[in-house]
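As written, the chains take the letters A, B, C, D, E and F, and residue 1 is the first residue of each chain.
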């Protein structure tokens, strides 16, 4: 995991909101200088994600804490696996415990689910990709979890990808005019993606030179026709409540990507505990 | 919703991470000065939460945006209900759209689930309460959503409640010593809660004057015995994978509160759309 | 002292406001690479508070500075005591000197005064407690100084204690309705305190189940009657210009706590110097 | 009062530390939409300072609050004077009340004391000036209070004045070398002040062209000799526990300025209340 | 100009660094309440850029300032043109004056130079593009100025474009392996650009499916051969000390883009004054 | 270079704006754990400035990077000189590379130009000084570069120097009244500078006791008369498009300082590369 200012900020905010004016329980009861040892344990099977974040959480609090991971992001672990050990000043570790787990459980939950879905597509060339439907403040980390689980990332935010939707088309007058405006005004380093709903729009987008065509809320039959028409001249992305579909069937229409908001808008934390000796 | 610095921070972070260096699609295609009207619509039944957050998101971006809500936080809406309307500069609204929905859908998802669980207990005096297992950065808002849905809040963070766990007890030597230390060192404005696992510990906590006793991972039978022993001398809280239990059965043991991490550690977004005319 | 974001912020602000664009005197005159040794000396008797803050001030500026404390927060020192030694790059130490002393002198001043007052009550069970009348930005540190001096903390801020005042009572209609609303809406982990001015209100607060009753601006006679009525059913707090009273007399009315705004709203710095060899 | 980033920061920090996760008492008891009217009243005689800060505190919280001041910073008020009125949403005003008073009482306390001391010198041309011994985070405001009370400001921080002390002299080798280095390396827009302890040093500083000479811890007799020697060729500043001296006697030695750390390192808040109707 | 957090930050920093603890000259001399009117005037011919930034600078300081622009970003003005008028409180306007001009002059300087270069290519389809060689903190604004002047933007930062350089190629083993890794691991919404130095590399990049090929430090002859080989199968970018070349000659080799670091790494401010009546 | 909060802020902002959500190229292609060695090389003759900034940039990203400088700020280097070496994790170094160079090249460009101009005056006692016409966010660093190149600094910002301009004079009524107001209201530690345009104003400023007189836009003849009149009673500063003048001729009028906005408002980066082995 590279240095990243968004990650620094969400960790700082998470610590601040959980710490308040200080851990009054530990402060009042645990003698200064008390040390503890503990271990992070998987209480169910899953794909681990967030090891480096946990490290950064504790580093931010107290650089003298020893955190020793036994697996890396992306490792699949079984129930009962010891993921990492930690030791150091009780006051620091107890202050960071909940924040660390809150990151680790959510990110591992996302990676686990993505891995399951990506597994369904393992014999195809179609990829599961994420969306911008991420939890506020967690964008970079949640997309990292999707990638860790074997998915691919779609654009990270509004500035690193062009995605022309209905509204933009209306404002420009037509799909071709919208694409023309994007080509003229946006950096050429970005691909141009267009959201379409029917085969006429597919053709218009193709003619206008779209780099990616998003097939939105199409039935499987139409989707297959679309990929046949496009025939490799643009990348294709299936979209629209994909969490309710059989992904393998979608993949068989020939699309390159299946994007799914539910990867990040609905999250089930993986059960991981931190127990002290 | 009161002014709150944590909310300001998470909104600022959410906008920053989604905006990047700017909305390149809108910038390149939509003519400067273009205006839009849109409406937020519930695409499934649920309890709305986050109306004020949505307002603050758009206010932060552009004070000239008009946002007109048709319901208030806590209102139960049916599928198809128009929740709010918005109008103003397209460039501003399109920049804030996804962030606003990301807040609104998650918070409404939490409120909806909490309302369902609270409803199961409506004929009892037992309350569903949350935990600190919240999404990093979203603590204040997620706890607000639990309250909006009819739950009660447990402590907000490490500084506004004393919760003596296993570790603190070991460090102090015994439950009674831990409670004594807390009473001596912590502000008297805070209640002292102790986590116990068996009836011996219940008695020890009671004798030492605990204000709240958390019955952790007890079977229903033991829990009922515990509440009989306690008999109103302390508040009682049932805890431990409560999302897998029948809450009404738990409530019938006589506990005052049932705390459930899953209220916030596992989230299903409510389906809400923003459509433009 | 635990890691704390409020302390980090006030230290950063204090350094920024004193540094401006840089220490022009040292920069212009002291050759790069010059080192100094110095010692912090008590120039009057007092209770030291702020050793860790001083350390953090210098750490923030330059991690290579050696700061060696000879006493700990809470130690009572006599005039002439060497509190700590410091050595390292002159440019860094001279930049941090004034900020470090500004913290240390104020916090020690508060601890010293609190210790004196707490000493007057040492043979009673009554405690001196602080208020929210602290210096802007210094809340956590000033309350820490009160505790260091032997006082107890009252609530830290508006979120970690319920204190029902005149205004809340008017808005709710009566003391009992205000208490009922608090019990229903606020986290149960917090005690409910009510401010009362006469014995009728004492009775009403008791009946409604207040956890703490603040006896505001009562004469000693009335206060004694109040504690007799309350008889341990609630904690009691004496309040109202207590800096002008004989605390031992107040304690003899039987109150549990005496709160005093003057502990932090009026401060006399302890005289401490940093001299270089 | 001009816009100022340090003031913005200390107000933001003060609000954050007092608000925590929200005003739980008001939130739980006062019905949404409740409005209040209140007035700030001087409970003792003094010089008001901080009216604009109070306004900014409430503006930061809620722009719809009406705050109407009846006096301006620097006005001397008698006991019982209504300083300002306020009206608006109860939730916002109650959240800001304590923070506003904490600023207003301290700043008015400083202005009041400074006014008293400046008054003692009113028939002389000597001015009372402040030092860098200010409360962390409050530098700009406390110096503003000194000026409001009729004192003058010394340098604001390490970057806007050259003050050569013992240490700098040692590092440079002599007073004259230190002054020479400052003249060569520092901006010429800044005056050069030197701290001296005896008449030899006075002469050396004069010869080297010091713009200001600080007479540190001199007895009145020596100080008078120093001003006679200097004879207007440099400004003079008396320094060293001046709070324990008769300022008029010090002024009669002919010094231009008397600097006093106690103006800001030891503060007695002025008694001001906010009462609601 | 859209809302943008980077612009907010650089404006805040610029104001803070210029304001210090306050405008001591204006504060000391100009009576409170004094108002001024002034006008921004072009003192040489150029392309204006930064009107909205100037507005935001003054808005940040004081919302009651009236700022009336007479031209828009991108307008070419002649010497003597009045660009905008301003009126309001002297204290606020004098505080913001220098900061506003510092932005306006630099951005207009960049736009003016870009316009001149883009003009040289106006009869070709080749575009002048910028690089990441921007002034620290000014990235978004300087790239905006390039676009305002008629240039196109290259990638904004490390996250919104893939640019494979020598180092990446070495780490991957070959151009084709580097491209393969990028296609597998990076979002598909981004184009893949490769920096090449000779025709062999051009062929390798083409075969591996590069979307953009940067022809780095090639002579014009080789560059022309490269575009002939590529023949529209990838976009082409000429790079390497282009400020020393005849751009029209470079364009005639058939490249799509000419990137020039000097557009932003070396800046000549446009001469613009703010005069008061 | 001393610790400085403005430098910390601009480095953080520069890294954030260049990093975006992460270095997607390196992330996708360079295997985790890859290390690199590189060297910074001067590609033209110049005066180096910014070595410590480069160090801080990389330290901020990754404390394990080794950065070994071979020269110090202010060293004059010839074309081809190796300025520094760097080694460590590729992911970190590649992320910081562009930001480091952007600082180093600009600051060295300023130092180089200043050195050239200062060299022209080396046989006079006149100094080249900077102005407030610096790049937003870069004030402290750009002024440091001027000093590194052998220039002197004028005031850093609005708070550390009094500079009375036309506007202030109008508001006060006359030069003498403006100076009187400044002497009364501003800290005495600051010198008072007045901007004048003719010899009458020179005399008025002298009579009123100005410490520095800025001769603005005077021809050389008038300037020489002015310095004759002033005759050492005030410092003198020549100002007004000085970049278009022969500095030695200006110096011969006898002025103490020549201030030049172009030192920082128009910048030519020094050509420095970072090459990896």
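Observations, loosely collected:
By our rule, a residue touches a chain if its C-beta (ideal position, glycine included) is under 8 Å from a C-beta of that chain, and two chains touch if they have at least 3 such contacts.
Note that the structure is predicted; figures quoted are calculated from it, not measured.
For the pair chain C and chain E, chains touching both partners: A, B, D, F. Among the remaining chains, those touching chain A and also chain F are B, C, D, E.
Averaging Cα atoms per chain gives one point for each, and the point farthest from that of chain E is the centre of C. Centre-to-centre separation between chain D and chain F, using Cα means, comes to 32 Å. Each chain gets one centre point, the mean of its Cα atoms, and the points for chain A and chain D are 52 Å apart. Centre-to-centre separation between chain A and chain C, using Cα means, comes to 44 Å. Residue positions of chain B with contacts to 2 or more other chains are 6, 16-17, 19-23, 26-27, 95, 139-140, 156-157, 159-163, 185-187, 190.
Because contacts link each chain to all the remaining chains, their graph is best described as complete. On the side of chain B, the complex with chain E involves touching residues 12, 15-16, 19-23, 26-27, 61-62, 91-92, 95. Put simply, chain E touches chain A in their complex at residues 129, 147, 152-156, 159-163, 185-191, 193, 211-212, 235, 256-257. For chain C in complex with chain D, the touching residues are 6, 9-11, 13-14, 16-31, 34, 36, 90, 94-95, 98-99, 101-103, 105-106, 109, 132-140, 156-168, 171-172, 178, 181-182, 184-187, 190, 265-269, 276. By the touch rule above, chain F contacts chain C in their complex via residues 2-6, 139-140, 143, 156-157, 159-160. Residue ranges on chain E touching chain C, taken from their complex, read 17, 20-21.
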